[in-house]
Amino acid sequence: MSLSREQIAMRVAQEFSDGDYVNLGIGIPTLAANYVDKDIEVMLQSENGLLGMGPYPTEEQVDADMINAGKETVTASKGASIFSSAESFAMIRGGHVDLTVLGAFEVDVSGSIASWMIPGKLIKGMGGAMDLVAGARNIIVTMTHADKHGNSKLLDSCTLPLTGVNCINRIITDLAVIEVKDGAFHLKEKAPDVTVEEIKSKTAGKLIITENTPDMSF
Amino acid sequence: MAGFNKVVESYDAAMAGLTDNMTIIAGGFGLCGIPEGLISQIRKMATTNLTVVSNNCGVDGFGLGVLLQQKQIRKMISSYVGENALFEQQLLSGELEVELTPQGTLAEKMRAGGAGIPAFYTATGYGTPVGEGKETRKFGDRSYIMEESVTGDFSIVKAWKADKYGNCIYRHTAQNFNPMAATAGKITVVEVEELVETGSLNPSEIHTPGIYVDRVIVGTFEKRIERKILTPTTNNQ
Amino acid sequence: MSLSREQIAMRVAQEFSDGDYVNLGIGIPTLAANYVDKDIEVMLQSENGLLGMGPYPTEEQVDADMINAGKETVTASKGASIFSSAESFAMIRGGHVDLTVLGAFEVDVSGSIASWMIPGKLIKGMGGAMDLVAGARNIIVTMTHADKHGNSKLLDSCTLPLTGVNCINRIITDLAVIEVKDGAFHLKEKAPDVTVEEIKSKTAGKLIITENTPDMSF
Amino acid sequence: MAGFNKVVESYDAAMAGLTDNMTIIAGGFGLCGIPEGLISQIRKMATTNLTVVSNNCGVDGFGLGVLLQQKQIRKMISSYVGENALFEQQLLSGELEVELTPQGTLAEKMRAGGAGIPAFYTATGYGTPVGEGKETRKFGDRSYIMEESVTGDFSIVKAWKADKYGNCIYRHTAQNFNPMAATAGKITVVEVEELVETGSLNPSEIHTPGIYVDRVIVGTFEKRIERKILTPTTNNQ
């Protein structure tokens, strides 16, 4: 069985280390915040200008001046700081954010990512995604392994307009954990009950498999 | 003697001098920290063919979206414009042009514009459509693109508190693009929730020193919330 | 009689307009702050990171954390703001300071200035002078018209290493007020009791004199 | 679980990892806002061949000047070094190298280094010895030079208050170069007058967010005054 959104988020949360500053994109990445190991602390960066993003507010806490990069109402956690968007992206671009997790349409074996634009569809804009993938030290993509037509999203070379080049370190999909290095995808873990054959068949780009790929554990 | 008193009493005075074809730099992120009254004044003035530099373009009927209704904007320089149906229509019909700019690059372009830095290098967008037609250059083993700064004829800014000298502080994440916008306009107009006594702000806590500010007007704000998300009350947070 | 330092400072102060943000260099420029017209307000910028520099402190007010760009103890005036040196020079470089007044060794007819380095003497550094002359909208130099050997400091072309090119608008010396434009010095005012002949003899660069040069008034 | 607790208990721990030939970025302007204890620790460690990026080099016997006494510094990148006799001697004897950099360019080089901007253009220094050997370029009708950013192996910073997460605020003009220095070091060490409870600083008033800070140590400071000038007491101020 492929993983649910929540399971992907749980696996993403295992990538967090104690003391990490983490930027989580909209969707599955944001869910990962719910599964942080109780024994570690991470601080969430929101690129509009907040370091130390807390939970969503209660009705009483709602404040129009307190939102996250997804334009959702939010709170600040203990030890938070708030600053301009220029400072926020100085932080991102300067490599001070330890880990960024974001979604994508496609990733290729060189670690390039396409996530913001599908030609022919109306363009909404890249927001902060291009800055994030150019800036963070470690970048993880979460996405389904294949699109709804069964086409692989892990390619030898991205076909859609890029968000960034040679920047993705790791991909966590509904089927597998993949490391991207040396021009190939390296299968590190597979979803329980998913076969290596299925992962192979849904990975279009060069895939390197070592014996006895472990199952993800939750 | 006017000295450093930058307070104006009317929106007409606040935006006096704005004419067709000008470039406006606007603070705000989504609907958070936007100069609501100054935007309404621009709508009232009906100036057209404007270039607007702002991270977003509001929503249909609120924020910068109201300027789309009257087709006052010719070009938007933004990072994300996915919230307005009107935007989409005008873009498809060719009435509106958009220059999509990564959010951090946009923030830095404004800062650089205000700081007299005509251009800078960034890795953001290298190898993507954003880098097309731009100069690239290697520093160390990494490739970068050159981005030029932006300045405007007017900057419109929303602050929380200001004194009459134009010293401003912003509230929570309503800070966002406002401090950079404040530096990058030939004429910078700040719409503020509260005018405070000069000398009552701690000098080290001022986000925007008054030197950047030309006019201050006290506004009233609807502060519409774009996505009100609540914590599940049944959870222990 | 050539002007005293105080008289030069008094004449400099006449250049201030109500609402001006002004950066005053060390020496005579700083003295000008004492002669600001009572009917106008100016704010002094100190490039280490203070807008709204007040008078020197009393013994009780002295604070090691409150200094000006000359490293002197100072106070903040009402409405002051304090910020980083990067912000301070963003302000300067971005053209937000209305007027800068500074000293110089030489100025030439193209408005270039030499003020920081004499070859053969030990170099102390330019501090913020190069940023100031590249940044302010209006730049005035104060200096004696000639050096102690009688050599003119107003030249066709500076001989010393430059601080900035084509940037000086006005020169106020012990003998005259000179406007720099169109590749020449233009005599605008002379010190009382100083002859146009003396000014001519002490100005090495191209000098344009119109009839009836007025006396400076104080 | 250390979490975000960056407080170290000894100066040895604060500067652990500093070795010969490293580059140190130091906050402070003159003797104002300098990390006195961290400088003393570097003297104690006797690391040599250091490159130090700092607006000034202290005075003889205080501030960074103490590192000159032991000849620990090979190169200074500064805007003004006119206060030390020792500096002069070592410069003339060739033991010390200096790269004079305009004050604003130096501040911006540090900020750019911390912000991942490898280079920027500035009008400062164009046509002067500072511009020699640097690329020049016209934007509009004005000429600029390209300046590259600086980063360091260590940054040493002096703050007024910090919490254990490393969030800092600076006092008055002791802010100066400290915020930029804090961003530009691989390891940033902050020496602070007062450690405050996490959560007690207003998030919008924090000058340096803790993300830039690796270690925090509580110091005691002499805070020597370089030029004590008093207002004439007989005057009405």
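Letters A, B, C and D name the chains as they come in the text, with residue numbers starting at 1 for each one.
Convention: contacts are C-beta pairs under 8 Å (C-beta built on N, C-alpha and C of every residue); 3 or more make two chains touch, one makes a residue touch a chain.
Here the structure is a predicted model, which is why all the values come from computation and not from measurement.
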Which of B-C and A-B has more C-beta contact pairs: A-B
Chain of greatest Cα-centre distance to chain A: C
Averaged-CA centre spacing for the pair chain D and chain C, given as whole angstrom: 28
Chain centre separation in whole Å, for chain C relative to chain B (CA means): 36
Inter-centroid spacing, chain C versus chain A (mean Cα positions, whole Å): 55
Residues of chain C engaged with two or more neighbouring chains: 50, 76, 82-83, 89-90, 92-93, 134-135
Per-residue overlap in chain B, given as positions that touch at least 2 other chains: 108, 111, 115-117, 122-123, 171-172, 175, 203-204, 207
Touch-based graph of the chains, sorted into line, ring, star, complete or other: other
Each pair of chains that touches, named by its two labels: A-B, A-D, B-C, B-D, C-D
Chain D partner contacts - residues on chain B that touch it in the complex: 108, 112, 115-123, 137, 139-140, 142, 144, 148, 169-172, 175, 203-205, 207
Sites on chain B touched by chain A in the complex: 29-33, 55, 78-82, 88, 91-92, 98, 100, 102-105, 107-108, 110-111, 122-130, 160, 171-180, 207, 223-231, 233, 237
Interfacial residue positions of chain C with respect to chain D in the complex: 46-50, 55-59, 62-68, 70-74, 76, 82-86, 88-90, 92-93, 112, 117, 122-131, 134-135, 161-165
For the chain B and chain C complex, residues of the former touching the latter: 1-4, 111, 113-117, 163, 165, 167, 183, 198-199, 203-204, 206, 209-212
Chain C - residues contacting chain B, complex: 18-19, 21, 39-41, 43, 45, 50-52, 76, 78-83, 87, 89-97, 134-135
